Amino acid sequence: MFEARLVSSSTFKKILDAVKDLLNEASFDCSESGIQLQAMDNSHVSLVSLMLRSDGFDKYRCDRSLTMGMNLANMAKIFKCANNDDTVTIKAQDDADTVTFMFEAKKQEKISDYEMKLMNLDQEHLGIPETDFSCVIRMPSPEFARICRDLSQFGESIVISCTKEGVKFSTGGDIGTANVKIAQTNNFDKEEESVTIEMQEPVTLTFACQYLNSFTKATPLAPQVQLSMSDNVPLVVEYQIPDLGHLRFYLAPKIEDDEN
Amino acid sequence: MFEARLVSSSTFKKILDAVKDLLNEASFDCSESGIQLQAMDNSHVSLVSLMLRSDGFDKYRCDRSLTMGMNLANMAKIFKCANNDDTVTIKAQDDADTVTFMFEAKKQEKISDYEMKLMNLDQEHLGIPETDFSCVIRMPSPEFARICRDLSQFGESIVISCTKEGVKFSTGGDIGTANVKIAQTNNFDKEEESVTIEMQEPVTLTFACQYLNSFTKATPLAPQVQLSMSDNVPLVVEYQIPDLGHLRFYLAPKIEDDEN
Amino acid sequence: MFEARLVSSSTFKKILDAVKDLLNEASFDCSESGIQLQAMDNSHVSLVSLMLRSDGFDKYRCDRSLTMGMNLANMAKIFKCANNDDTVTIKAQDDADTVTFMFEAKKQEKISDYEMKLMNLDQEHLGIPETDFSCVIRMPSPEFARICRDLSQFGESIVISCTKEGVKFSTGGDIGTANVKIAQTNNFDKEEESVTIEMQEPVTLTFACQYLNSFTKATPLAPQVQLSMSDNVPLVVEYQIPDLGHLRFYLAPKIEDDEN
């Protein structure tokens, strides 16, 4: 028996909106410690990693570890039927071939349940080594989304250069060139709006706009985004899900030869 | 001479939005008692019935009964040119082949008139027998619209089951199954949000999602919708138009054989 | 060296939105007195004339007159990357083949620069004679936009008739006929909402809806629009840009033969 309950459906809606374009389907690994999802995107370029800790749920019970393969577009369709303030309960029997999503309105006068067929998916367990990064940037997530969207109009790649003073995002193409510079903020009054940089050594790396733009679909999940970069190591774009876990995206930098 | 005036154009806008997808054209029967429209939808499955009482208008004059055949898409185009708080006057000469819609802005500084050609339409006078229904459900119209929209993502038909305790809407398809249960409300503080059920005997009937969804285009007309059901009799979906009349939709239930 | 600065990017955004559908590219003539643009629209029917006075800028420097040919769609793409309250600086070297747009956020923590390639465009210097008009109408610009949009649903041309009492806009087509009458307002409390008419003699002229609708894309620039009309002379549709200049559109009336 597996059962997990959250008093608001909005977190799940945001997670599904964030990953459903990158992943057609995915396996949710449920255990005593929580729900985990790890999958390469549909084109096998970037990696999506979701962790929801069991203690972040309002109710959580997992008698036996189980893996549920789900079609994310269908799951998103189901969650579109929930109001943001509905309580959501995810339920599955051990060895079941379906999962049930139950949505309860605050006043209990409306209860909806959706039973969805599960899928058998090939499991890909990917070891992600813990790394010390040369640069770790924290900045407002809407600002990062805006920069990626703006620059992707002018080129297919974005160069991210990080120094102690700030971060520069650059691109270029037929129309011309574009540079956006963000300075580290000094005032820490509004933590959500601050830009902070932890730097061991400067880094300049190039990434495909298309994937950065996909990652920023997670913007509604968190006010800040964290970018971790080192030479020859995938960029990590991380959104913290308050009190529940995190959603991370990994993307390898383009190497020089890619650009020619 | 026919002349009917309403101090706000918004009711007519809402009526046209509600029926213009179901009906390409329709005959408006104008008499001393008011304006009436009755027509099968374009695919001849459901029936639309509109009644606007003469005493609900701010001015109403109908010297001789007349029938005006109108293209509803064109009529909707004309009403899109009116502001919601414009006064609207509908005028026609006896035996005329045009109808005039006049919109007057509140401050009288802008007056628009649109003259539209009338159409000769075959008249279909349909006798609708008054019936005592096994179940009459009143519920918030936006809730009914939401349920129809949600469930139509998962199947082509919706089963509506009504008991004394509540109403269950169900469907199913390739993705899985969906059930939404609405309980009768006990508090009658907010009449518009209440769910009330008058039941002689329980009823379970199946209807095509497509038509239910079309009917819910009338949602802006009224805060509550009334569903009247009996075995082997068309469902009646009724929206009251405050102080003016009503808009009703009739839809025959699917019989078992339809579903196989 | 050319440099022009405005503390808000929104005026440029609105100008580009107003002209980018009419003009694929255009030459900006920069001199000590300001920035000027004059060009026939893509189909060579109407004329666009923009004047931005140097004293309206927050900083303005133009050592030598220069003409910069720009692709307006690309320029609009660049300005979409600016926030409305960003300071915008336009910079070019003498004889340069690029122009730079710099956007600075209010708090200086974000600076973006976009370098765009310039184009060599054929220059068309058009003499526009100053004329005394038979009728000059000033009316709320959103009202003019609304009337053009509404009437263009019913016909391809709009007849504008101006008398001392008011202005009548008319059209007709397959659906029927439409007339909108606007009266001169007596109260001058709210200047922005007033309709004023200066008339030497009554005028009735016919114009193509398509171009009038394009001109009204300039509506966000100014609360009032001015229409100047005389027989056998192009209509002038003028939007004042507060403290900076104006945007004018010229459109020749349709002659009788055009309509047959």
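Letters A, B and C mark the chains as written, and numbering starts fresh at 1 in each.
Just so we're on the same page, a residue touches a chain if its C-beta (ideal position, glycine included) is under 8 Å from a C-beta of that chain, and two chains touch if they have at least 3 such contacts.
Quick caveat, the model's predicted, so the values are computed rather than measured.
These two copies of the sequence, chain B and chain C, are related by a rotation of 120 degrees on CA atoms, to the nearest 5. Under half of the residue numbers at the chain A-chain C interface are used by both copies of the sequence.
For the pair chain A and chain C, the distance between mean C-alpha positions equals 44 Å.
Chain A has no residue in contact with two or more other chains. Those residues of chain B lying in contact with chain C across their complex are 71, 74, 77-78, 80-81, 98, 108-117. For chain A in complex with chain C, the touching residues are 143, 150, 153-154, 175-183, 185, 195.
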